[in-house]
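What follows is a set of structures for review.
Both of the next two complexes hold chain A, though its partner changes from chain B to chain C.
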Partner chain A sequence: MKVVTLLKVTPDTETKFQINSAGTDIAEDSSIEYIIGPYDEYGVEAAIQIKEKLGGEVISVTIGSGNEEKSIRKAMAMGVDSGILINNADLKSSDPLSIAKAIKEVVEPLNADIIICGKLATDTSDSFIGPALAALMNIPVISEISSLEVTEEGVVATRDAAGRKERFESKFPVILTADKGLNEPRYPKLPMIMKAKKKPLDKKDTAGTEIRKNVTQVKAEFPATKSAGKKITGTPDELVSELVTGLTTKEKIL
Partner chain B sequence: MSDDQKILRESVRDFAASELAPNIPSLDVKQEFDKSTLTKFADQGLLGVSIPEKYGGSGMDYISTAIVSEELEYVDAALRVIISVHNGLNSMGLLQWASEEQKQKWLKPQAEGKRIATFGLTEPNAGSDVAALETHAKEDGDFYILNGSKMWISLADVADNFLVFAKTDMSKGSRGITAFHVEREMKGFSSGTIHDKLGVRSGNTGHMTFDNIEVPKENMIGELGEGFKIAMSCLDNGRFTVAAGALGCAKASRDAAVKYAHERKTFGKEIGQHQLVQRLLANMQQGIDTAELLIWKAGWMKNMGIRNTRETAMAKWVATNVASQSADDAIQIHGGMGIAGGPDGYPVERFWRNARAARIYEGSDQIQEIMQGQYAMGYRQDKPLRKELPKWVPS
Partner chain C sequence: MKYEPVVDKYISYLTDEAGFIQGSAERIYFPTNISEIQEILKEAYDSNIRVTISGGGTGVSGGRVPLGGWIIATDKLVSVKGGSPWKDEESGIEYSVKLSRSDTTELTVPAAMTVKAIQNYARQYNLYYPPDPTERSCFIAGNVASNASGSRSFKYGVTRDWIQALSIVTPMGEPIKLIRTGNKIGDKIIIKTETKTYNIPFPDYYQPKTRKNVAGPNIDENSELIDLFIGSGGMFGVIAEITIRLIDKPADIINMFVYCNTIDIALELVSRCRYQRDNNIQPIPLSVEYVDDRAVRIIHEKDNSVPNAKALVIIEQEFKDEMDNFLEFYLSVFDELGIEDTSVAQTYKEIEYHKFLRHLIPETINALVKSYGQSKLGTDYAVPPEHYKTIVELGIQAGNKFENEFGFDNIGYAMWSHAGDAHIHLNFLPRNDVEMHRAKELMVELLREVVKLDGTIAAEHGLGKKTFLGKPALFYQIGERGLEKIREMKLVMDPKNLLNAGNLFPVQLD
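After this line comes the complex of A and B, so read on.
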């Protein structure tokens, strides 16, 4: 079984980031801790579990801009066998379709049975790459899966939809996007951390595909802080009266 | 930090937060040592951090042992104590002093986590005054007959292997001490647990007694009469883990205090806005930054194979006092809630209780102060040892 895991490196979700001086994006500074995107990490764990059950290999694929190697090595310490890193800042900041095409260029020749990634990256929240890659490669996709069974024949996966669980089956090759609940990613063990340093990581400057930037992010800002609410006190009758007055005359909701 | 040090920190932090932290407050209340912690440590590879791969360890650098110690004591001192005695005092001592055959026989299973190890130096009547040891070993054919008792021994009731120091010549003071590898299975060994400690209440601390134990001569570590030097160099590694653990306790105290100072409001604003609260936090940060640099300096010297008795002792002295003061100030910031601990309370009173003993064990504040004074005056100089801790060789 050959499994490719798409691994995007994102700022730690607990990072208290700043907006850059141009006001167009978050400021890249040394205070940002970069981690494996949390949903991609479910994908990494799932890929390793598949290998442990059925044998084979797990290859990670990353589009990066210089902050990625530690996280790829962490995935290797978890059990990924080898990695491919396209280090190209222009590509990483290009539009999602260019990134999906670059990933297709890298992934297609690997002839993977399963390609798995997170349902979204926590920095851009596009939820685009998995389904787009499936379209570009013309193979099936099951998105936002929360459980997975893999046999030699194919996969059975479930998705938590509103008020119900949906169950899907597919033959190989298939793309899966991972949701929370799929698994609990393991903590790398110390001997594996040291072994990970020696695993092959193929670093390239380009995937050889066209980089287009059809959409430009022009502004980033923090959400407006909410003003403090007004606390009303009094008897129940007074409270109701003041509440209704406030909603009708001040807030004009009623 | 190198990538592997960063991955290590992330991994141990996540492991400790998920697998260990939830149970600590109730274990602390019950004064219960959870033996499954040892299995978990072994499974993660934490029991052989800086031991070379050929002796069953992970072969990480010595700073990595500090990172593990810090992250574990960020949760609770009882977790770090395991690293101090198993990795620091015993296994790194064997790495430095044991013969190749002894390392394969005893160090390897320890680093692999198959045998838990601790260190037996302190006695009821011999703490800082090591030369006053009363435990003695008398030569008898192929054995030494070991008699005596040890006290304040971490993991006394759960460890399998013990690095024990005993007088082999009662007339010679510190030069009459010899180190032995002792195992729980040896006839005449018994141990017990000490209860009602102020802190480290989820850790196992105890005493052990040796009643005519026949210790084979090949269990002698180092040479006859070399025990004092061995014990002191083991302390260079034990103190390093105590210092790093204390740094974790100080950071945990700071983080708890900052969180509470954001949440709690007095006089119409969150208490962190008050300058006298900020002063306490600023002092904590000053101590944390100072201790961290001292620990990393000592760790760097270990990596380079440079003698670091003075620097490690300084790191231990400073860091344990920073932890103690930070936990105390964190309680102050929490006000009345700061003294309410347990599973439903705040952790800072536990940090305060845990921090206290570290200013006594592995060299009290006073021993540290005297050492630094003697170094400053030139009365104390570290002479080269017959065997030094091997410098770290990247694999």
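After this line comes the complex of A and C, so read on.
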């Protein structure tokens, strides 16, 4: 089985961002810890589990801009066999379609049975790459899966939709996007961390595709902070009257 | 000064996390600054009323439990004079703190800032506050009063080593500021306030030869004046503002769970790590902890990816650029000792998760004991490092004896330890008063061994109002004469013995 996992490296979701001086985006300073995108990490774990069950290899593919190697090595310590890293800041900040096209260019020649990625990257939250890649490659996609069974014949996956579970089957090749609940990503063992340092990582600076930027992010700002609420106390009558006064005079809702 | 009667909603202030003693008080004060603390203490002193200081309430030795009188709850001491506002997003609390960067980086924080908030602050500015007590909702002033320590004390020492200055209000209500200057006290402890000079007798009681010790004021000729107020359980004053030292954040930290098939393998691994530190050879781990099979079971029940190992050693290591060499070192030691299974946390979130699992141990034990209607019964003993193996073996013997005598389906004890500092937490889980009594006997037996080994009976939690078999705990370490000496020291600054009365030595109850 050949499994490709798309691995985007994103700031840890706990990071306290600063906005850059131009006010257009977050500031990339050293207080940011870069990690494997949490949903991509479910994908990495799933890929390794498939290899452990059926044999084969796992290859990671990353589009990055300089902060990625540590996280890719961590995925290798978990069990990924080799990686491809396209290091190109222009590409990384281009539009999602350009990125999907670049990934197609890299992934298609690998002839993978399964391509797996996160349902979204926690920094841009586009939920776009998996389905877009499927369209570009003209192969099926099962998105937001929370369970997965793989045999030599194909995959069975389920998705948690509102109030129900949906079950899908597909033959290879197929693209899967991982949701929470799919698995618990493992913590590497020490010898694997050492081995990971020697695993092949193919670094390139371009995928050879056209980079377009049809949409430009022009501004980033923090959401307005809400002022603290007011707690009112008293008898029911007092409560009602104070609430009504508050809603009419202060909040001007009534 | 405004106060509230100690009604139901303040009932938690009458005890602490260990819950072995329930106190009483008439009033509770929530001062917000130094002059309010002064006002309360002066009034109390003039009216002969006892005052007990409450911090975060996570103490486990009854230190903050009031024996009548008033409570100074420090919860609202969240601002320092001249500080800048900083909001802790995790708790939503807005503090005011003062950061100063010159040769060293120092941060002045208010008494009620939690260790977790300080760590969050440091992280945001790429800084680092090394002391890391397992419980992080404690207040920094509580940490200073109890000279708290944590696993990283292995490399970085205890809270004391990170305290640069303290603003304190004396028991009679005068403010003083103490700064670490490098001036040693020699053989005299003289404290000057605006109006008074206190000549405090020099302690001559037994001082253990351990890396950590909080059994009574821990002063010798190399101490500075500020040290009198660190680790003395608030007996010499209320700590209001604290200046701590911060260092640059280490580039990377990993936290390794190392699963061992035998206790001997685990102990050998601990001693290899200690060798690195004692001989100043890199890599020196940040922390080395030993967790026994019973405590591992607690973690396993929460997360079954953690195997039910005979022993777990938790090692934290920091790196700048030398990661490869460091990992090679551990790998070769693990190979040599036949250790195969490890789990390595590398990202902040993963390390926090490992810490969460580690913290489950005391939490689960404390909850179990409470569910039996009993109070926490655990050792806080430490011995000089060369005796570590002996103390672990004695601890296991005592635990097994207890389990065998009464028969347990669930665990009857658990032991974990800040192994690098030869410091063991052996916790018994008595289900009734008979078992409680027996467990206490076993603890006292072990305690006598600890003192014989030049150890301490209180390495990090302080002794507060703890007693063993009817005597103040400290008696077993320093005897009547030692207790009398501490009393003399205390009475010089607090002639009526009103502030935090009942800690370390008993008082007559009204």
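Of note:
Convention: the second predicted complex is superposed on the first by the 247 of 254 C-alpha atoms of A that agree within 3 Å, B and C clash if a C-alpha of one lies under 4 Å from a C-alpha of the other, contacts with A are read in each partner's own complex, and residues count from 1 in each chain.
What we mean here is this: contacts are C-beta pairs under 8 Å (C-beta built on N, C-alpha and C of every residue); 3 or more make two chains touch, one makes a residue touch a chain.
These figures come from a predicted structure and were not determined experimentally.
In the superposition on chain A, A:Pro188 contacts both chain B and chain C.
When the two structures are aligned on the shared chain, A:Arg212 is found in touch with neither chain B nor chain C. In the superposed model, A:Ile35 makes contact with both chain B and chain C.
By the touch criterion defined above, A:Lys16 reaches chain C but does not reach chain B.
After overlaying the two complexes on the shared chain, residue contacts for A:Glu69 are found with chain B alone; chain C is out of touch. Common to the chain B-facing and chain C-facing surfaces of chain A are residues 35, 74, 77, 187-191, 193-194, 197. Only residues 12, 14, 16, 30-31, 33, 35, 74, 77, 184, 186-191, 193-194, 197 of chain A touch chain C when the two sit together in their complex. Contact residues of chain C toward chain A in the complex are 89, 123-126, 256-257, 305, 324, 327-328, 330-331, 334, 341-350. Within the complex formed with chain A, the residues of chain B that make contact are 3-4, 6-8, 10-12, 14-15, 18, 43-46, 48-49, 53, 58-60, 395. Taken in their complex, chain A has these residues touching chain B: 35, 69-70, 73-74, 77, 187-194, 196-197.
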